[in-house]
Amino acid sequence: MSSVLSIEREGERVAAQKANPLRHSLLRAEGVSKQYGPVTVLSDVTLDILPGEIHAIIGENGAGKSTFMRLLSGYIEPTAGTLALDGEHVRFAKPEQAQDAGIALVHQEILLAEALTVAENLFLGRELMRNGVVDDRTMRRLATEKLAELGCLVSPNALVRNITLADRQLVQIARALLDDYRIVIFDEPTAVLTGEEVERLLAIILQLKEQGAAVLYISHRLDEVQRLADKVTVLRDGKKIGTYPGRTLGQMDMARLMVGRDLAALYPEKRAKAAGEAMLTVRDLSVPGFAKNVSFQAHKSEILGFAGMIGAGRTELFEGIMGLRPATGTVELEGKPINIRSPRAVLDAGIGYLTEDRKGKGLLLHERLAPNLTLSALTRFHPGIFLRRSREQDALRAAVEQYDIRLKSFGVKAGQLSGGNQQKLLLAKVLLITPSVVVIDEPTRGIDIANKAQIYAFIQSLVTEGKACIVISSEMQELIGICDRILVMREGRLRGEVSGDAMTEHNVALLATSDAAADGNVGGRK
Amino acid sequence: ADKKVVAVSIPAADHGWTAGIVYHAQAAAKEINAAFPNVEVIVKTSPSASAQVSALEDLSAGRKLDALVILPYTSEELTTPVKAVKDAGTFITVVDRGLNDSSIQDLYLAGDNIAVGRNTAKFLIDRLEGKGNLVVLRGIPTVIDDERIKGFQDAIQGTDLKVLDIQYANWNSDEAFKLMQDYLAKYPQIDAVWANDDDMLLGVLEAVKQSGRKDIKLALGGNGMKDIVKKVIDGDAMTPVETPYPPAMIKTAIYMTVANIVGQAPVRGTVKLDAPLITQENAKEYYFPDSPF
Amino acid sequence: MTIMASSTAIRPEREWNIGWTDVGPFVALIVLMLIGFLINPDFLSATNLGNVITRSAFIAIIAVGATFVISSGGLDLSVGSMAAFITGITILFMNRMAPEWGIMAIPAGMMVAIVVGLFCGLMNGLIVTIGRIEPFIATLGTMGIFRALITYMSDGGSIPIDRSLRDAYRPVYFGTFAGIPLPIIISVAVAAVASFILYKMKYGRKCAAVGANEDVARYSGISIIKTRTIAYAIQGTCVAVAAICYVPRLGAATPTTGVLWELQVITAVVIGGTALRGGKGHVWGTVAGAVILELIANLMVLSDFVSEYLVAGVQGVIIIIAMLIQRFSK
Amino acid sequence: MTIMASSTAIRPEREWNIGWTDVGPFVALIVLMLIGFLINPDFLSATNLGNVITRSAFIAIIAVGATFVISSGGLDLSVGSMAAFITGITILFMNRMAPEWGIMAIPAGMMVAIVVGLFCGLMNGLIVTIGRIEPFIATLGTMGIFRALITYMSDGGSIPIDRSLRDAYRPVYFGTFAGIPLPIIISVAVAAVASFILYKMKYGRKCAAVGANEDVARYSGISIIKTRTIAYAIQGTCVAVAAICYVPRLGAATPTTGVLWELQVITAVVIGGTALRGGKGHVWGTVAGAVILELIANLMVLSDFVSEYLVAGVQGVIIIIAMLIQRFSK
């Protein structure tokens, strides 16, 4: 506790220094607050944004980061407080006004029109013209170039509907880089990105800084924050805790400031492996176009990781197993074959799947929490044909408690929860069917560090109860930190397996990328 | 003293002929309301059979009706509801499309649809000397349409007149235009066309004119639309005759009903308007240039 | 498992969240009644109101079914001609059986109606779901098919119900129970069952989920095909119930029976607060919507201001104004 | 802390993405023609095809406008009665001016038609966007209004065009240019302009974006209100163009002009490949859709298989089968 306080004091010092700034502030938020009805989401936040500086905003899920960013970029208006641009008072009633003032926001959510192409989305609302006609050729070329800078190789003609989440995120980032903005705000840009894409993005952000732009950067990946940030502002419960010089803060310091107290270790201690009998057996599973002849077993009380690069086909493999895509092959649960043609049958058999796309496929954003919670467990939860509303409310209360879902009112709709809390609600939803095998696709995407630890501990407790847990993740450290065994996929095929001491980033990366190691096990046992 | 209330319930203007009905009913109401201070004539139109049933309920719910003049949208569906009005002591006049139970009406006034079909057929037999290829356009599936077709078909039975084709064009000139174009494409030799309503005949004539075909000798309609009667007067070669089926019959019916109520001139029974052939000689009697129909 | 104490108290969800969408149609209803009273005091007479509500029963019953279809993200344009077709089959069946079975032909015919309705709805549903055809087109197609069938069955004329059955059947439309006309009771019962299904049964949840987001529904193990097909089957059954009540009122099926009902039905659903693109259904709002439509027509008949030619226009204006009031009084 | 190297191979993507949605309607068109030829060789005669395509021009022109409305996420049920209303006003205007202006009354009347169409479309658009009324309801309302107005203007009868203008105006429908009937040329021109707007102008992008995802559009600085209102205005203008071609065909406006066109128009758009829930519009597909509808009707008459009573049913079946073929041959 004492360390937190000392850091907080240092924060005040930084703030005091800034009261007399040498460089003038580009954008200043003065005592801004945001209320939704009786709910206060952001209260009395004051912040200066200086040119040529990368300013990270960190805080727990639901701390109000996204709300603050939306406020700075004209998507919502504050209920109290003011904004000043170059010392002049400004009001942004619409995002365009903020954009005209040189402020661009990359949203946490993916906001693209799925029915349009990549290039069309990229230039939406500011199409290039030539001889009075939209200049598709040039736009396609620029789109290809801009995306290539970010390491994204999708065709500009592809419909957004048909590209992966990661590619969508890159398209969205590219939108904010098309023009020379003075302030670029990134809200969780890397949540769905992996490897080189993240590196490329960070390089681009540093370049923006070199060019004198101000960058606001939100991420739950504290290592990124540490590498990038000149300043770090911490929000907690809608209030500003302080602004700190970036390099003075370690990751654990940041975590403490966000949470307000000390945190336990991120990864739970690994148990001595009690290798249970086979729980899930998958044989020769193929998902046309995505996965070929995949066979594996997951055991009772085991955490099994699936690693691979974006596009390796992991998501589609499990969507195939879940009956959500046409697939061939056999799946057995504790020796009993499962009908993988019907999602319902798979769920009922006891395999739960937590999608990586929580907004698009996980939750009904316009629906209240209780119906969302019980949607996949209707039959288990409401035996007979009637709904048991009070049971449902009890379950919601229990879930809110158990999964520590932060909300201000039980009456909110799922879409009004912050990203991290949506993820916890989704977790609660999937576990409500009491599956014996739980598949979690990207369990901590966009999740703050404290919640991450919670989720890991939670996964641990699931296997202690005797379930098998499969974790698909693009964060290798996470897999290594929690898994008993990791399977690696590349181009739709299983390329190998690592376990025990062989679970190193080097080995996994080798299997995921190179042909040399293909079809072999790297130091693992079979 | 209390005003006598006469309600007039008719279909909405859904094609030329019913438009004529609405026009004449409103004209009659205006004239009578002006002429007889103690009579109130109320005209209500309905776009469907069930709407008309509703209108009957509404008209009789608020006030006691002394008389009802009704042109039923369809026969079956209006029989019971009209009987309910009758049972409340209202004088019932039925026009054109009859009810299923003729004991309900006090007065019935109608055209002769069988005769419309029969007289047209007879003329065709005569002109074509008993042989030739015909195409027929029929209206909206209703009893009226059925009767006309039946009158026509019965009359050509046993002759060498052959009906090549018969299809619905819903008493709509646009649909008739298309249908006639298709008939023309389908049959290389057509001697005569019969559309059982003049709205449709307009479309037919346009299609024939466009095709430039010379084989079609006659294109006949029915209903006494003023434009067609004018053709007859002018001695049009393709449309030399016409059958009347004047929408003004509603006006006659309203006047007769009012006469019964205020004039103490008992009028009960059935009035069947003839459907004689209108030819160049008598066409003037059937020509009313100011009527909308 | 929780390593953090949850801090601030969370506001409980109010048990009844009554939004404007729920109340709106009823407010519109009341405003219309007031206007009606000002125009013609007879408007509020028990007979008149009874008549109006009774006759809104057909559309209301069918529209309750449409609430399922629309809420699940579908649309059904075939309801009007389906009603005509079912009426036709039912009458033919009753007439055929009347000589042997006498009055018992009536309940038997009602059973036939329900079975046929269910079947027609199922057909629509399967074409839309298994056939994956845009509902608008699919049901436009079946609309033509049902219309053709009734025209064929009636030879273009009409299929009247046998005289021997008429009197026994009459009370289904004209009878009252405890002073309330039977069609009102039937439609309230249908709406009650429907709102029970939609709000108290699992199926209702599925329906709304499928309409709100197909992917989420699928990932939650809800079968889109089954859910939507059932919605169409419910629609078909409702059409059958409406047809059963309809027979004694008009005594016959004709090729023009039920023409344009689909538009009225959809209008009632939308006025009632259910969004055309799917999601939550508002059963009672739908019923209010159906009554509103009938009231407007009734007002037109009772008032003497409007030229007969302009009735449709005034109705259009009233509908638009009613919706505007709903929107802007939020 | 991810250290994986990305090495995704570039997925080659064809420069032009021609999907089934683009070709489907044309394939269906060709299949229908073949069937037609088998049934009756006259089917492919120049006169017959000429007639059919010319006839489809009205629906095609209106449906091109509807492609904008539907692609932007709207719907317009009022097009049929709007067509009647515009036809009526135009004829009244021409007749009034004919004595003074002679033949010049015709082009002047055409201008009037366009202005009135634009205005009617604008009205629809504003009610939907500013009034925030579900398009289905809003345009159902204006449908009633336009229908009432034409009924009123014509006293329920018909408004025929002045004899003195008839011959001069006739060629607009019956004339040909280089052997091609004028309505065909006009509708191709309208479609060409429309596809230019939709695919080559900024506005087209906005339209698709608004229909595909309102939030995204709004966040991209696109005004939903403006975009959708313009779509309705374009729709109104297209209706006016169709009305202009229509006048000489029958020489009169009546209360039944354009009845049920809205259903045909929407069907043409959907058959053409534009999704009813909005997004990308397919102008040429729409035109093909309109021709398909007219072809089916024509086939019914030319074939001798179908009882007159069942025509509507067979049309329904064909439409459903055509859509099924489209779906499953993907």
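Note that the chains are named A, B, C and D in the order they appear, and that numbering of residues resets to 1 at the start of each chain.
Everything that follows uses one rule, which is that contacts are C-beta pairs under 8 Å (C-beta built on N, C-alpha and C of every residue); 3 or more make two chains touch, one makes a residue touch a chain.
Chain identities (UniProt): A = Ribose transport system ATP-binding protein; C, D = Ribose transport system permease protein.
This one's a predicted model, so the numbers in the text were calculated from it and none came from an experiment.
Asks: To get from chain A to chain B along touching chains, fewest steps?
Replies: 2
Asks: Distance from the CA centroid of chain B to that of chain D, rounded to the nearest Å?
Replies: 34
Asks: So the centre of each chain is just the mean of its C-alpha atoms; given that, what is the distance between chain A and chain D in Å?
Replies: 45
Asks: If you average the CA atoms of chain C and of chain D, how many Å lie between those two points?
Replies: Roughly 30 Å separates the two chain centres.
Asks: Out of chain B, which residues touch more than one other chain, so two or more?
Replies: Residues 13, 22, 141 of chain B each touch two or more of the other chains.
Asks: At least two partner chains per residue is the criterion; list those residues in chain D.
Replies: If we look for residues of chain D contacting two or more partner chains, we find 151, 155-156, 275, 309, 311.
Asks: Name the residues of chain A that each touch 2 or more other chains.
Replies: In chain A, no residue touches two or more other chains.
Asks: Got a list of which chains touch which?
Replies: Contact pairs between chains: A-C, A-D, B-C, B-D, C-D.
Asks: Would you tell me which residues of chain C are touching chain B in their complex?
Replies: Within the complex, chain C contacts chain B at residues 40, 42, 45, 47-48, 51-52, 55, 58, 151, 154-158, 160, 166, 248-252, 254-257, 259-260, 294, 297-298, 301-302, 304, 308-309, 311-312.
Asks: Under the definition above, what is the set of chain D residues touching chain C in their complex?
Replies: 77, 127, 131-134, 136-138, 140-149, 151-152, 155-156, 263, 266-267, 270-271, 275-277, 307, 309-317, 319-320, 323-324, 327
Asks: Name, in rising order, each residue of chain B that touches chain D in their complex.
Replies: 13-16, 18-20, 22-23, 138, 141, 165-168, 172-174, 177-179, 181-183, 185-186, 199, 202-203, 206, 210-211, 227, 292-293
Asks: Touching chain D in the complex: which residues of chain A?
Replies: Interface residues on the chain A side: 75, 94-96, 99, 107, 111-117, 120-121, 124-127, 129, 132-134, 151, 153-155, 157-159, 194-198, 221, 223, 309-311, 474-477, 505, 509, 512-513.
Asks: Hey, which residues of chain A end up touching chain C in the complex?
Replies: It is residues 38, 237, 259, 264, 322, 324, 342-344, 346-348, 353, 355, 360-368, 370-371, 374-376, 378-379, 382, 385-387, 393, 400-404, 406-411, 429, 450, 453-454, 457-458, 461 of chain A that touch chain C.
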